[in-house]
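After this come two complexes, each holding chain A, first together with chain B and then together with chain C.
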Partner chain A sequence: MNAWTSRLSLRSNTLLVQLIVLFFILVLFSILSPYFLSVSNFMNVFNQMVEIGLIAIPMTMIIISGAMDLSVGSMLAFSAVCMGVAFEQGLNIWICVAIGLIAGMLCGALNGYLIARHRMQAIVVTIGMLVMLRGLVYVINEGRPISGFPDGFYFLGQQYIGVVPFNAIVLMIMFLLAHFFMKKTRFSTYIYGIGNNEEVVRYSGISVVRVRFILFVLSGFFSALAGVFLVSRLASAEATSGTNIELDVITATLIGGTHIFGGRGSLAGTFVGLLIIVFLRNGLNLMGVSVLYQAVILGALLLLAVGNQKFNGA
Partner chain B sequence: MKRLLNMHEAPIIIFTIIVTLAFSLYSSGFFGIDNLQMILDQNISMFIVAIGMTMVILLGGIDLSVGSVLAVTATSVGLFLSHGIHPWVAALMGIGIGVLCGMVNGFFIAYVKIPDIIVTLATMYIFRGIAVGISGGTWMTNFPAGFRFFGQGTLFGLSFPLLVAIVLIAIFIYGLKFSRFGRRIYAIGGNGPAAKLAGISVAKSKFKVYVLSGLLVGIAAVIFASKVGSVQASTAGNSLAFEVMAAVLIGGGSIFGGIGTIAGTMLGVLFMGIIKNGLIISKVSPFWVDATTGFLIILAISINTLQRYRQNKGKEGDLV
Partner chain C sequence: MSQPVLTMEGISKEFPGVKALSDVNFELYPGEVHALMGENGAGKSTLMKVLSGVYEPTAGTIRLKGQEVAFGNPLEAQRQGVSIIHQEFNLFTNLSAAENIYIDRPEMVGRFGRIQWSKMYEEAQQLVDSIGGSGIDVRQEVRHLGVHSQQVVEIAKALSFRADVLIMDEPSAALPENEVKKMFDVVKRLRDQGVAIVYVSHRMKEIFEIADKVTVLRDGAWIDTRPIGEVTEQQLIYMMVGKEVSKLYPDRDHKPGGEVMLEVQSLSLDATHEVSFQLHKGEILGLFGIPGSGTHTIAERLFGLKGGAGDIIVGGMPAVIRNPGDAKARRIAYVPPDRHRQGIIKPMSIRQNLSLPILPRLSKGVVIDESRVREMSSEYMESLRIKAPNDRQSVDYLSGGNQQKVVIGKWLATHPDILILEEPTRGVDVGAKAEIYAIINRLAQEGLSILLISSEMPEVIGLSDRILVLHKGEIVHEFAHGEADQEQLLQRASHPLTEGGRL
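Presenting the complex of A and B:
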């Protein structure tokens, strides 16, 4: 009887399961690698997870609304390179950052226009954008890295406040804001509603087109923001930046319990999913596992997470 | 004439002619038998992979993993060959591995019922990692002379890979049009629940389609490896999935399933090949090729949606 109730509570409380998985990963790598369990390593991880984390916020909302955005990595690179090229023209760095953010939002707006207004399939449109933007990135900067930004700009990605990296604090604030947003505002109710039953939302007099459009613009904005932080952290804008980041982001979101068909999910879950992914990657890095094998493990994890959803869900 | 214009493949044929004319005017080296042969020759693997992708998209699915399956198959064939296995046996074993990859995809999609996009996104990374793992990160080269036949040999005066492609295209055009299996694919893609109620085993058909797709990618991989002569696991077939998908959509396939033909897809592949070749012959920066592929995908989905909208316009009045 006791075992039965405990299993039941585990099944109903997915957040608890995720926390147990996270704890398991932390303990496992602490045993396997002597370098894993230290403040500097943890802060390092927090510093590196910011880009994935920033993109995971709008990705969670988009998946909850029943769509998907595969073009985030290319939008990241596009805005990073736009920023770099603008800087090479001799503009002030903060104006360049603004240009990068606007470039990202424009890409997101194009996605949103095609998907929301013309009701095209999100997956195909964003795959098209993924390929096209990546190509444009190479066209714009001809494949060479852009560097030599002023010191003040590196503050964003490299500065530590006390022991905590500055960009991790930004990420935390963003997550808290977004969490509050998803719990308290009317707009978030629309997002959940669209994910559950788009028709009903439309017949309730809510503009589905506008909600979807805003979501994709948000995705563009956050991808661009992630691009800015990435350039600041690595001190160079490269054409390859953000390649394959969508795997990390989508895996983090889905491990976090967001349902692949939409309508269910939370940012708290995504945050735990994010921690699971970044600590897993960090631990595997410390043990010298190749990046490509990490992709294998992440892919398997993705299948596992979604496979489990089917049994938990409807 | 009117019947000709109403044909399913009409738009893509017109597009192809326009693009061919444009490139012919722009650069003198473009129009000619030699160049046409080269375009066909360069895109043989794509033609074969596109057959499988057409069936997958007809089902309303999507397969992002084809490039990685190609990499796994090509690397493992290289590995078999370097162990001194006979070329024909190695090729067959390679195709077997392609089938195996297709079975993995099919199992998760048809029986575990995870959405295609997620499964193939995951297996795209998984297979790529395995390919790099078994190759040890090095180039696969030094294929024996006997293996070169698959990519460069001739049979009855025609190049062997072209012959294979033609035979496969013929079989699948016939199969999709006249066999029970082919009609089932159209039925499931057109209306899944109705097909299920009509007694079609949707899961079984889906599984078979993904296995067939794996088989075709396996064949394409053998030809690819033999033709190129050196395979790098981490980059082989990197953007294949996107290009093939673009070709299917341009060829008139509907991403919602149920609409599309192999003939249209083949024209789509030819169209993509012409554009790539034309861009390079016109000495445009090679970086533009990727950007163009992406643009074509978006263009194709736009046309697709427009067609769907026009077809549904009459019915919409009844529904609302």
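Presenting the complex of A and C:
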């Protein structure tokens, strides 16, 4: 009994610790930089974190299920460029968005097919996809940026509703929906179950293949959605879009307390983890810290946050 | 009688909040096999861990050959002559037997850190030969050895420290039934060489066959020590449980119906073997065979875990079962042999484990209906008497018996017509065993058709209406209820061709 209650309190404490870290970062930069604590800066940060945040939703689920998707950045770029190329053919922009989303889901489906159906290692498959899709992106548009989208499309990534960016509102709604999904649905029980003991889930007559497949399709979809928002925000679809975004996404997820070996984690945690890294980066930017040092600091934070996760440990 | 080689006096061991051992006395003489018995949680393992240097006792003294000792760690205990062989083998399967026996031992290292291979092979072979393992080539990698041979290597490793005291923790658990005899020969040989052996086991039959004395622990306390000839099985159970378990096996006062619930025709187990049989409504059909005989494969085939040829007819309708989901839809349930790996998700609650296979039924749309889950789970907590403060408790903290009841419960909740039980009481103590047997019997009486696969012969004999004996992928014999005894069963399972002859 003792061990159980202490583990429970430890787990809820994790979220508390993350909130304290976030609060500390906010206070620190408010003191250090005169530009940090302002509505416009905060809204700017929210506007820029949307892509990372959208992808962090399926990533959290995938890591809880004991797998990993490293191909998200390449899927983002692939979808964005597919959308751009379709637009250049003269199609309606919203049809192009749909094409981008479908392209992302197809990439995710290929990941899912290889990983779920053929039981290939997720890390290996998605590294393969990461490299392959990025190459394909350069092949498709020969490395040049695609721009000139209609104004209505820029609404997604650039419009503010009052003071709040539209895309940040979309992200919040997505997080709330996903949070509800992970608390209340049977699919989430299967995800946690697979992360803890895949065999038991299979022996319970549940298709582990289907659950894993759906997760990777979901990852493809959200990566593509992030691609759409990124293109809208930057007004340009580029072959380099989303490069290294998987590192930010995974860092946010792990700082948010999701266990690298699966079985444990939450979207609430991921959301706080996301805020920690975006505000940390924004604060360091405002203070003029070089991007190279930022990488060092974020890496160190990740090591601190995840360093005490051991296999089968707390 | 000679002096005891080992005396443990007034041993107590406390963990935060728990008193695992209180004032336990234990004496061991050279050349005796001393059985240590008790239910799960009685303190057997703790006592052996204290003895082998894993734990330090909170109070009490240990005297080895008259000298008071305090082992700081297992290696120190080994050096002074106390070795333990754990239930799970601790061998490096990719190293040779000799390397395993003498791993990390300075006496095998020559000048400049060079390993003295010839000396090591020679001494390892001698050691293995001396305990009846002359068939084993110590240069061979352990993964090429059979289970019995691996155990011999474990024993040799323990003896390489010139052990006076050898602790064997459930040594038969990892062995197929027909290899247990060979292990007994090794134990007897060691006994005759004057080694004192502590034999920890659940299995009554083995205790009466091999032990000279028996000590029973219950709830961390010493209950009694007696020569084996002076106790009966009933008395031992009474000592272990602390109350009368009048009958381990319930009376079968009903007849299974004539209706065939499951018919299996030419079900292939491997490339060359297939089986056919029928299971009736309300019948308990026992399947018995030594490991590799195909009993496990039958379960895997019926539950869609393994593919192959042959017809499965459920309730008169041909069924295509490609995965466990198909089996579940056909109202076939499977309580698998290894509950830790296949039965329960440990960090999850009792409630979540019980509801896992039937979540679609307990949901409105995609959303789980918590009130229905609660209702279902309290129903099975009650009817199976799962002992826990509440159903939100993680199953990790339940006893083996209660964990097993959770696995049975989660499958009963699917309302099956056919229940496959494989090793339903593995790692479960006597009290919980009797309860599980009563549950199985009640289910059959209520009309459930049960396929019982077990390596515990008393269980198969005590519960089954009929027993099919398998040998190397074929059904070699059928016993009606009350026809079989253990000797016949084992004989049919190991030497199907020696008709009626003795082993």
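Methods note: the second predicted complex is superposed on the first by the 297 of 314 C-alpha atoms of A that agree within 3 Å, B and C clash if a C-alpha of one lies under 4 Å from a C-alpha of the other, contacts with A are read in each partner's own complex, and residues count from 1 in each chain.
Methods note: a residue touches a chain if its C-beta (ideal position, glycine included) is under 8 Å from a C-beta of that chain, and two chains touch if they have at least 3 such contacts.
All values derive from a computational prediction rather than experimental measurement.
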| item | value |
| --- | --- |
| Most chain A residues touched (candidates chain B, chain C) | B |
| Which of chain B and chain C A:118 touches, first, second, both or neither | first |
| Touching partner for A:32 - first (chain B), second (chain C), both, neither | neither |
| Chain B/chain C common contact set on chain A | none |
| Residue numbers on chain B that touch chain A, as the complex places them | 62, 108, 112-115, 117-119, 121-126, 128-130, 132-133, 234, 239, 242, 245-246, 249, 255-256, 285, 287-298, 301-302, 304-305 |
| Parts of chain A lying in touch with chain C, wherever the complex brings them together | 1-4, 184-187, 189, 192-193, 196-197, 199-207, 263-264 |
| Sites on chain C touched by chain A in the complex | 16-17, 305, 323-325, 327-329, 334, 336, 341-348, 352, 356-357, 359-360, 363, 366-368, 389, 393-394, 396-397, 410, 414 |
| Touching residues (chain side chain A, partner chain B) in the complex | 68, 114, 118-121, 123-125, 127-136, 138-139, 142-143, 244, 247, 250, 254, 260-261, 290, 292-296, 298-300, 302-303, 306-307, 310 |
